[in-house]
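In the two assemblies presented below, subunit A is common to both, partnered first by subunit B and then by subunit C.
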Partner chain A sequence: MVPLLVAVAVVVLRRHLSRRATWMLTLATSAAVVGLAATLLVEVHGGLHVYWFGGWTPRHGVALGVSFTVDPFGVLGACFAGLLVSAVVLVATRVEQFGALAHALLLVLLAAAVGFCLTGDLFNLFVFFELMSVCTIALIAVNTSDVRSLRGALHFAIVNSIGAFFVLIGIALLYARTGALNLAVMGQRLAAHPADQLVVTAFALIVVGFLVKAAIVPFHFWLVDAATAAPAPVAMLMVGLLDTLGLYAIARVYWTVFSGPLHAHLALVQSVLIGAGVATAILGALLCLVQPLATRRLAFVSISHSGLALIAIGLLNPIGLAGFGIYACADGATKAALFSLVRAPRRTRGREPGSSPGWHGGRVGAALVVLAAAGLAGLPPGGTYLAKGLLEDGASGWGRVLLGGLVLVVSALTAGAVLHLLIGRRAGGGTAPAAEPAATGRWSWPLLAAAGLIGGAFVLGVVPGLGAHSLSAATRFEDRPVYAGTVLGVPRPASPTSREVDLGVVPALLGVAATAAGWGLARYRPFDSSRDRRRPVGAAPPVPLRRLQQLHRGGIGDSAAWLTFGTATIGAVLALGIR
Partner chain B sequence: MTPRTRRLLFLASAPVLGIVVVAGLVGLPRFGHSTAQYGRVLNAVSVPERHITDVVTAVNFDYRGVDTMGEEFIFFAAVAGVVLLLGTQADESPGHVEDAATGRWVPPTSDAVRVLGLALVGPTVLFAIYVIAHGHLTPGGGFQGGVVLATAVLLVYLAGEYQHLHGLYPDRAIEGLEAGGAAAYVALGIAGLALSGSFLANWAPLGKLGHLNSAGIVPILNVVVGAEIAAGFVLLLSAFLHQTLILRRHVRPPAPVDPHRRQP
Partner chain C sequence: MSILAYGVAAWLLLVGLWGIVNSRNLVHQVICVSVVQASTYVLLVAVGYRSGAVAPVFSGVRVGTIAVDPVVQALCLTDVVVGTTVTALLLALVVQWHKRTGSLDPDQVDDLDEQG
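The block that comes next holds the complex of A and B.
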């Protein structure tokens, strides 16, 4: 696992290279990370590997050093990060400003993401979290001559720094209580006592810090700004990788540290997480319909789907978590691919809007957008279909019916919004995509990368036994005593878990229905604001939606106010509920 | 959202957040009643095992050395980001920048500042080397010493002119030093992997307690970090100065200078 960091750090040095050599080298490194992570995945299969840096194994139950605690989920995250960064490097060949320094930052970001996934230490998690943020800030603003991108970077920097402070305060509280920073040791110490206010505050602050990164309502404003302003490769990272990792961290921290004391209040924690997820999913799905700007629309699609992923985690059971693992990979890859396909609006005035298609790559690109929309909707046999099936399987009773309905509606709305990008442009008087000048190249590198991501997301759905594997990995992920025992060198036998995943026919039907509904929605575009561009944006949608949309025109101050509000709400609900 | 509603939203939720945080802080152990086993174990273990007298440095560079590697790369990424963002853009080119506010009186650098600045350069460098080299014995280390070392370069700028500063060091070498410092940390970690079996494990002789050459690889790591931090700060300084003093944008034509106005 260490060679990952090594490979990256070595390449960071090589700054005086030609452009071509730089991106080839970057690509080779990220591909190497994928290879190593895949090897590691095979190696840890069915178990938990603990690696103590500097050889500082724990003594008398005190963890002296920092450990990487490697389980299949973490390695999957690392593998996904490597794949996504590889795709980003390919897409970045199109972006002029992406020089050697930007590639170096990209590699540092990858190293941080890998460390974030593998680490078994709370403070180490925070260090890698910060490292990712620092790299992202600079990458968002890489096109410095554009004021919007500087603004987006500033927004990201401020909001995410506040989130990081929350996490740090939470860590400090927990350290004062437990005298440890290792996840396993902290969890063991906390489990000895019932939850009190200190634990609750720490939990709320840490969760909020990571929810900010995951762009969950009401902490999502930065993503709208930053993803709209950032160059396509960086936006891919934000919607594909950062939000997934934020959610992953919540699951990791809950199950290793807090699941002991908070287990008595399971329903409350569930309802807080699922509530935030539902709000995010619905808000994102509604607002993505009324965004005329393609990148902004995709940002809301992405927010909406992060909400679904949070619901999967918030179920707080192995089935939901297994669904999250698959969903995060398949959906993250698809969202990232969409960002690479959609063309940012040119700022040249005087050209008739819609005179060039809104996506790259001509017909092939258009076909890929359609495929991606189907993937977002959960059309079988896509990876998202499998994941959504698991997600619905994780709930029971009425919750299951409600959740199924929510997933159906949200999937249909977001897929419709994406498909509408194609149809709306074509019907809006633009030239047919066939008229795209051939100079852009039919199968350029970026297009190949997008095809790979979308194809990969579909392949995930047909890998035999993936559901069952994921389920057993998730069960182990949530087994705190076994985790702590392995880390501290007192291994306990894991309870055997072998369960066949049988989704039945309902999720498949739902997936087909969502895709069909999305298609219909795109054809008939009930809330079309792009039909007539002279009309002020937001004139078409009904009043409540317009109000919501207006909320998103504010600046960083609004974002900070909402951040305060969200943190206060989550903290107060948890505190009052547990008292 | 209007500023008024924003303020209301903030003012309504901030006290609630405050109460939640304070209620959590109440649960902290009372002052002087730390329950932290970690500190106790380390205080007992680090001096005999590592031959190191500064336990904080032992935690930073030995027990939790990989965290420090992450911190070092945070600094590295921040410097790279600043250099990236302040670098020459498409619409900028080097040239002499006209003073935008013509007619104001800029005091020349006084003799006192020149003399004191130049006189302090030597002691500052010496002090920085001391702080870096004694990181494992007394409070200090690579991060602190590196910043002090970079201050020496800043003093040269204060006492002289930008041109003097620029002649002082080759940009390439500083860049190399910065990247080299970051890479060397990782390299030392790999050396630990190769020689002692795990990443960042100690492989150097521990030496005699309290001597300059003790505590294994900790002083080497300190030197490496010190080099990176000092070089990084110099890079930051020169990137900012370069931006304000050398580059100019093409967007706006230089303001016409009134020849009749009194020049300073």
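The block that comes next holds the complex of A and C.
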């Protein structure tokens, strides 16, 4: 509520407020949201809090009202959203087009994100989801004179709208079956029957809708376009917040609604989610190597890491989910920080791509990029290291070995691609540092925000007991009967779970290895287009990669075609598997 | 009746998607998004329909009269609001696009991203 009120105030008072006052006010609001969320986090630590709007509490197990169902994971998401928006406000001080209206939009987006995390109602989940999308569309196109951002905004809008309609169709089907919109009630009624085609169709549509938001292959084309063209603050929101919330919604909906009827088909759901995650991680990691353009490369890095996060959810067990929680925060913050550090490409004539300094903030900025790359690779003691350790812990047997290998390779490739942004420029740039204005070497607000995000991601890894806490929170998150019981006013005792998280030495070694491999990769980059100037950019990669890259030149229509294809595939696999 | 409504919803969805995929004109593409959305309206209303029931306005009807489900109609209304917002925003973007490029072809600036 607070951000919405302030957003209105900002719009109304925009003629009277100076630019500085506007961003100060916005920052104060998002900081307040962080504070409130943190208080709430302490409050709900013990379990689940339910708030019924207007006092419409359920009678005899029938919930007519609309509820906020607050659990630690949701509050963590809200807290993270507040932090990220604060950082975005600081970074936006650098972007001229960010006027009062853009700040108001940011606040509405924050309100929607918080609502999205806390709501206990499936239809409200959809409404908040659309509200976030609409704000993002407007923010991408905040610079209306740039055709590329217009194109990115259109691409984002059309593809995400289709995704949202899929979610809505899924909701309608579920409502037809259960007569309810409250997550807990739906889950309870669905659990009474085995899964049939209607439930499977609804599940496929809802999952696809949120996968579109999370930019999972083959629904990722919009992110490449939009994140490349959007102003840095908005790109931060897209890769840091929207991705994460899309994945969060999948976990939320699966565990509260579908875990009953689909429990018999656990392996199938697992393999669909993990399969999509693996494909995303590999494709993103390969393609980020061959992108000449810095922001486009970061877009692929973030797609690849969303894939890893989806694998963590796809394990469908508490350990994986705990890993996802930590990974989403640490990795999201790191990716967002990178987008704020990397300089958007200037389209100046007569200059080769790669000859302008690629990052903000001089030496400090460069050091931050290196730190962020280490964070991406999972160097201990970063938060990503802890999360990846949990992720590998969640798998078992052969899967564990394969997953460990995959995480190692993907982390190394993406970290290498990021580090190469620095090294490639230093080696090939020549006069690059001289072109940097002297003033940017000092600490500025955007730089401070980036440092805060990266530092925060590392601090997450050393908070004592974080692993155990998130594990117990994840166990509760996945306990559908307790969730439903609490919401409907029939509390059941939750089975107390307390387990120490002991990762052992292997993930640490993997993290170090990935960082080292990334560094090596950045130094001796196999398909380096900037090393040999005579070769035109894009001619260097081998043929299969070139084919893949070509696919990403398609327009909005192609993207929609891939979306349809992906939906049909996922739907068909689920429908054939569950008979 | 009921099967027909579901058929219409599916048809609108597929036709709209087909239009988005094959569109060579941004205004056309945006309208196709609305067509896809129209399928959700039909589906929502069809889900709550009961044959022989009255509209869910309970003044002047006998207690116990069967009415169609008001919840889906509320959902549909919300959906219409969301859809209008999105369409308006998209069309505004298209107007800007036309101002900058002088065309409405969505694939006109495809190669911009690759060049950097």
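Note that the second predicted complex is superposed on the first by the 544 of 579 C-alpha atoms of A that agree within 3 Å, B and C clash if a C-alpha of one lies under 4 Å from a C-alpha of the other, contacts with A are read in each partner's own complex, and residues count from 1 in each chain.
The definition used in the following text is that a residue touches a chain if its C-beta (ideal position, glycine included) is under 8 Å from a C-beta of that chain, and two chains touch if they have at least 3 such contacts.
Not measured: the values here are computed from a predicted model.
Chemist: Which holds for A:Ala229: it touches subunit B only (first), subunit C only (second), both, or neither?
Modeler: After superposition on chain A, A:Ala229 lies in contact with subunit C alone.
Chemist: Where does A:Pro292 make contact in the superposed view: on subunit B (first), on subunit C (second), on both, or on neither?
Modeler: second
Chemist: For A:Ile556, select first, second, both or neither according to whether it touches subunit B, subunit C, the two together, or no partner.
Modeler: Only subunit C; A:Ile556 stays clear of subunit B.
Chemist: After lining up the shared chain so the two structures overlap, which partner does A:Ser161 touch, if you call subunit B first and subunit C second: first, second, both or neither?
Modeler: second
Chemist: Compare subunit B and subunit C by how many residues of subunit A each one touches, and report the one with more.
Modeler: So, of the two partners, B touches more residues of subunit A.
Chemist: Which partner does A:Glu130 reach: the first (subunit B), the second (subunit C), both, or neither?
Modeler: It touches subunit B and subunit C both.
Chemist: After lining up the shared chain so the two structures overlap, which partner does A:Ala575 touch, if you call subunit B first and subunit C second: first, second, both or neither?
Modeler: First partner only, subunit B.
Chemist: Of the partners subunit B and subunit C, which touch A:Arg151 in the superposed model: first, second, both, neither?
Modeler: It touches subunit C, and subunit B stays clear.
Chemist: Residues on subunit A in contact with subunit B in one complex and with subunit C in the other?
Modeler: 123, 127, 130, 134, 137-138, 141, 144-145, 169, 173, 175-176, 181, 554, 557-558, 560-561, 564
Chemist: Can you list the subunit C residues touching subunit A in their complex?
Modeler: For subunit C paired with subunit A, touching residues are 13, 17, 20-23, 26, 29-30, 33, 36-37, 39-40, 43-44, 47, 71-72, 75, 78-79, 82, 85-86, 89-90, 93-94, 96-97, 100-101, 106-107, 109-116.
Chemist: Quick check: in the complex, which residue numbers of subunit B touch subunit A?
Modeler: Touch list, subunit B to subunit A: 1, 3, 6-7, 9-10, 12-14, 16-17, 19-21, 23-29, 34-39, 41-42, 45, 62-67, 69-71, 73-74, 76-78, 80-85, 87, 89-91, 175, 179-180, 182-183, 186, 189-190, 192-193, 196-202.
Chemist: Over in the complex, which subunit A residues touch subunit C? Could you list them?
Modeler: Going by the criterion above, the answer is residues 123, 127, 130, 133-134, 137-138, 141, 144-145, 147-148, 150-151, 153-154, 157-158, 161-162, 164-165, 168-169, 171-173, 175-176, 181, 224-225, 228-229, 292-293, 296, 345, 353, 537-538, 553-558, 560-561, 564.
Chemist: Could you please specify the touching residues of subunit A with respect to subunit B in the complex?
Modeler: It is residues 2, 5-6, 9-10, 12-13, 15, 51-56, 59-60, 62, 64-66, 99, 101-102, 104-105, 108-109, 111-112, 115, 121, 123-124, 127-128, 130-131, 134-135, 137-139, 141-142, 144-145, 169, 173, 175-181, 196-202, 204-205, 550-551, 554, 557-558, 560-562, 564-565, 567-569, 571-572, 575 of subunit A that touch subunit B.
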